[in-house]
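Here the structure is laid out as C-alpha cells; the discussion comes afterwards.
Every chain is named by a letter (A, B and C) in the order it is written, and numbering of its residues begins at 1.
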Amino acid sequence: MSSKNKPGNDLFLYLLRLGDTSLVLSHRLAEWCGHGPILEEDIAMTNISLDLIGQARILLGYASRVEGKGRSEDDLAYLREERAFYNVLLAEQPNGDFACTMVRQLFISSYQFFLFEALQKSADETIAAFAAKSLKEVTYHLRHSSEWVLRLGDGTAESREKTVQAVNELWMYTRDLFDMDSVDRNLLTAGIAPDMNLVKEKWEQKITGVLKESTIPVPPSDAWMASGSREGKHTEHLGYLLAEMQILPRTYPGASW
Amino acid sequence: MKNTDTAGLEKEFQDRIDRGEIIEPKDWMPERYRKQLIRMMSQHAHSEVVGMLPEGNWITRAPSLRRKAVLLAKVQDEAGHGLYIYSAAETLGADRKDLLAEFLSGRAKYSSIFNYPTLTWADMGAIGWLVDGAAIINQTALAKCSYGPYARAMIRICKEENFHHKQGYEILSTLMKGSLPQRAMAQDAVNRWWWPSLMMFGPQDANSPNSEELLRWKVKKYSNDELRQRFIDRTVPQAEHIGLSFPDPLLKWNEKRRHYDFGKINWEEFFNVINGRGPCNRERMKARKKADEDGLWVRLAAEAYAAKHPNLN
Amino acid sequence: MSTTENTQWKLWEVFTQPKQGEPYEHAGSLRAPDKEIALQNARDVYARRNEAVSIWVVPSECIAATSPADSGSFFDPANDKVYRHPTFYKTPEGVKF
C-alpha cells in the first residue's frame, strides 16, 4: 500500500470512510421505508436516511475533488467493490428487528455526534463546514435513537429482551468505530482529524448512560471485538448490499440516469 | 315526528352544500354523508400507504445518489399523505386503529393501481408521471370538496405531490435521451402503466354507483369520465414531447370535441384487480400485515414506557 | 394477532409556528405514545419542508371546542358592536394616527 502514502490520498481515504458510513447506513434505513412499526416512525426513519444520504453526497463529492481523477460521487458510490469500501462494519449490519435498528442507530449516531463535534475544528475547512452542518442532523438522530432505546429497554418484558439481544449482537462492531491506522494518525498530526481515543471516551460515557437508564446491561469489557473496516475488510453483508445498490450503473455502463 | 326533523335537517344540509358552504366535523350531517366520507377517505389513506410499496421496491436500487434521495423523499411523502388523510377521517369519529383493521382484514379497498408490479427503474418514472399525474387531477378536484378537513388535507397533499409528478417525468425524459435499451425501458414502462392509470379515475359514470350522491354533496365535483378526459388531454402532449407513445391505436386528437379520443378500457381487469385478483394484491397485503404485526411489540413497549413515566403524558 | 389488543397510540394535535414572532397555527394531528415522541413525530411529519421554527403538541382529548349549536349565542352578538372597531370613530381631518 505504499502508493497510498501521499497526504492527498490520506484525505481521500478518510473522506471515503466517513462518506461510506453515511451511505451504507442510509441504505439500511431506507430498507425500512414502507415497513415501519407505525406511519409516524416510518417517516422518522426515512428522514434520518435522507440526512445520511445528503452527508454521503457531500463527502463523496469532496472525495472526488480531492482525488482529482474525474470520478464523480456516483462513480465512487456505484463503481467501487466491497474491498474498496471503508464504511464502519456496524453500518452494514442488517436491520434485524426495530430494536436492532435503533441500537445500531444509537451507537452510530453517538459516534458521529462526537466525531463531527471534533471535526468542526478540523484544519480542513470543507470538512469543518460539513461537520458543523451535519452535527445538527446527527444531534437529532441521537435524540431520536436514545429516546427509542429508552422506551424499548424500559418498556415491556418482550421489548427489553429484544433490546438486550440487539446490544449483545452489535457490541462487537463498536471498537471498529474508533480504530486508528496511519491515515488517522497522519491526519491527526495535520490537525484535520481528531484523536479517536478521545471520541471513544465520550462515546462510552454517553452509551453507558443511555443503556443504564434503559435498564440494559453494558456488555463486558473483554467481549470479542471485530475490526477491519479501515482496510476494507467487511462482514459478509456488505457484498449483497452493494450488489443491490449498484446493479443499474453496472448493468448499463456509462449510462445517465 | 323524528322523520320530519331529519328531513328538515337534511334539507338544510343540502342547502348549505348548494350555497357552497364547507362542512366542519361537528356540524350536523346525514349519517350517510359521514359514512361515505369515511369510506372514501380511508380508501384514499390505505392507497397512499400501499402506494409506498411498489416504489419502495426500487429505493435501494436507484441508479444515482440524487435519484435515491428524491425517491426516498417521495415515498416518505406518501406515508405523510396517508397520515394526513387518516387524521382527516378521524375528525368524523373513525379511529385509525379500526380503519387499519378493516384494511388489514381485506374488507376495505385501496386503489387498484398499486397491485401492479414495478419491474424496471423506468417504472419509477411512469408511476411519478402517470400515476401521480392522475392522482393530482383527482386530488385537485377533492381540494374543493364540501368536507373541510378532507379539502384541507388535499391542499397540503397537492402542494407536496407536484414534485412527485415532475420527478417522474424527469426520469423518463432522461431515459429517452439515453441509450437504446434505456429508451426501450421507458417505453415498456409506459406501455404497462398507461391503462391502469386511466382506470384510476374509477368506472365510467354509467357504472359508478356512488357518483350521483357524491356529486350532489359536492364531495366529488367532477365525474370520473370528466377527470379521465382531463388527464388524457394533459398527458398526451407531454408524451409526444419526449418521444413516448401510448399503447392505444385509437388515441387521437378530435378537433370537433377539442379532446383526445381513446380506446376502450378493460373494465374486467379493473374489477378483477379491485377485488383481489391482480398481480400483486397478495404481496401488498402481506407486506402491510407484516409491518403491523412486527410493529405491535414496539407500539406496546412505547405505551408501557409512557405508563411508567406519567410526566411524559 | 387480535385487533382488540392492537394500538396506534393516542391522538395529538400539532401546532406550528411558521416564523418567529408569528402566531401558532394548527398543522394537523398525529399518533404518539407520549409528548417527547409526539414532538419528534410532529417535527418529522409537519416540519420536514421547513414549515416551522417551533412546535406545540397537545393531546386531542384535552382540547375543548364550541359546537355548531353554540354558534348563535357565542358569535352573533359580536356582530353589532361596531364601536369595537377603529373605523367607528370620526377624527378631525389632517390628524394622523
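Basically, contacts are C-beta pairs under 8 Å (C-beta built on N, C-alpha and C of every residue); 3 or more make two chains touch, one makes a residue touch a chain.
Remember, it's a predicted structure, so these values are computed and weren't measured experimentally.
J.: So, comparing C-alpha centroids, which chain is the farthest one from chain A?
T.: With centres defined by C-alpha atoms, farthest from chain A sits C.
J.: Could you say which chain's mean Cα position falls nearest to the mean Cα position of the entire protein shown?
T.: B
J.: Please tell me the distance, in whole Å, between the geometric centres of chain A and chain C computed from their C-alpha atoms.
T.: Roughly 40 Å, centre to centre.
J.: Just curious, how far off is chain C from chain B if you go by their C-alpha centres, in Å?
T.: Chain centres of chain B and chain C, defined by C-alpha means, are spaced 28 Å apart.
J.: Averaging only over C-alpha atoms, locate the centres of chain A and chain B and give their separation in whole Å.
T.: Chain centres of chain A and chain B, defined by C-alpha means, are spaced 36 Å apart.
J.: Two-or-more-chain contact residues of chain C, please, as numbers and ranges.
T.: 8-9, 30-31, 33, 36-37, 45, 48
J.: Counting only residues that touch at least two other chains, what does the list for chain B look like?
T.: Expected reply: 76, 80, 83, 296, 299-300, 302-303, 305.
J.: Out of chain A, which residues touch more than one other chain, so two or more?
T.: Counting only residues that touch two or more other chains, chain A contributes 38-41, 43, 47, 151.
J.: Name, in rising order, each residue of chain B that touches chain C in their complex.
T.: 24, 26-28, 76, 80, 83-84, 87, 90, 95-97, 100-101, 105, 153, 156, 160, 292-293, 296, 299-300, 302-303, 305-306, 309, 312-313
J.: Can you tell me which positions in chain A touch chain B when the two form their complex?
T.: Listed in rising order, the residues are 23, 27, 30-31, 33-43, 46-47, 49-50, 53-54, 56-57, 60, 73-74, 77-78, 97-98, 150-152, 154-156, 158-159, 162, 244-245, 247-249, 252, 255-257.
J.: Looking at the complex, which residues from chain C come into contact with chain B?
T.: Those residues of chain C that touch chain B are 1, 3, 6-9, 11, 28-31, 33-37, 45, 48-49, 59, 65, 67-68.
J.: Looking at the complex, which residues from chain C come into contact with chain A?
T.: 8-9, 30-33, 36-37, 40-41, 43-45, 48
J.: Inside the complex, what are the residues of chain B that reach chain A?
T.: Checking each residue of chain B against chain A gives 49, 52-53, 56, 59-69, 72-73, 75-76, 79-80, 82-83, 86, 121, 171, 174-175, 177-179, 181-182, 287, 290-291, 294-305, 308.
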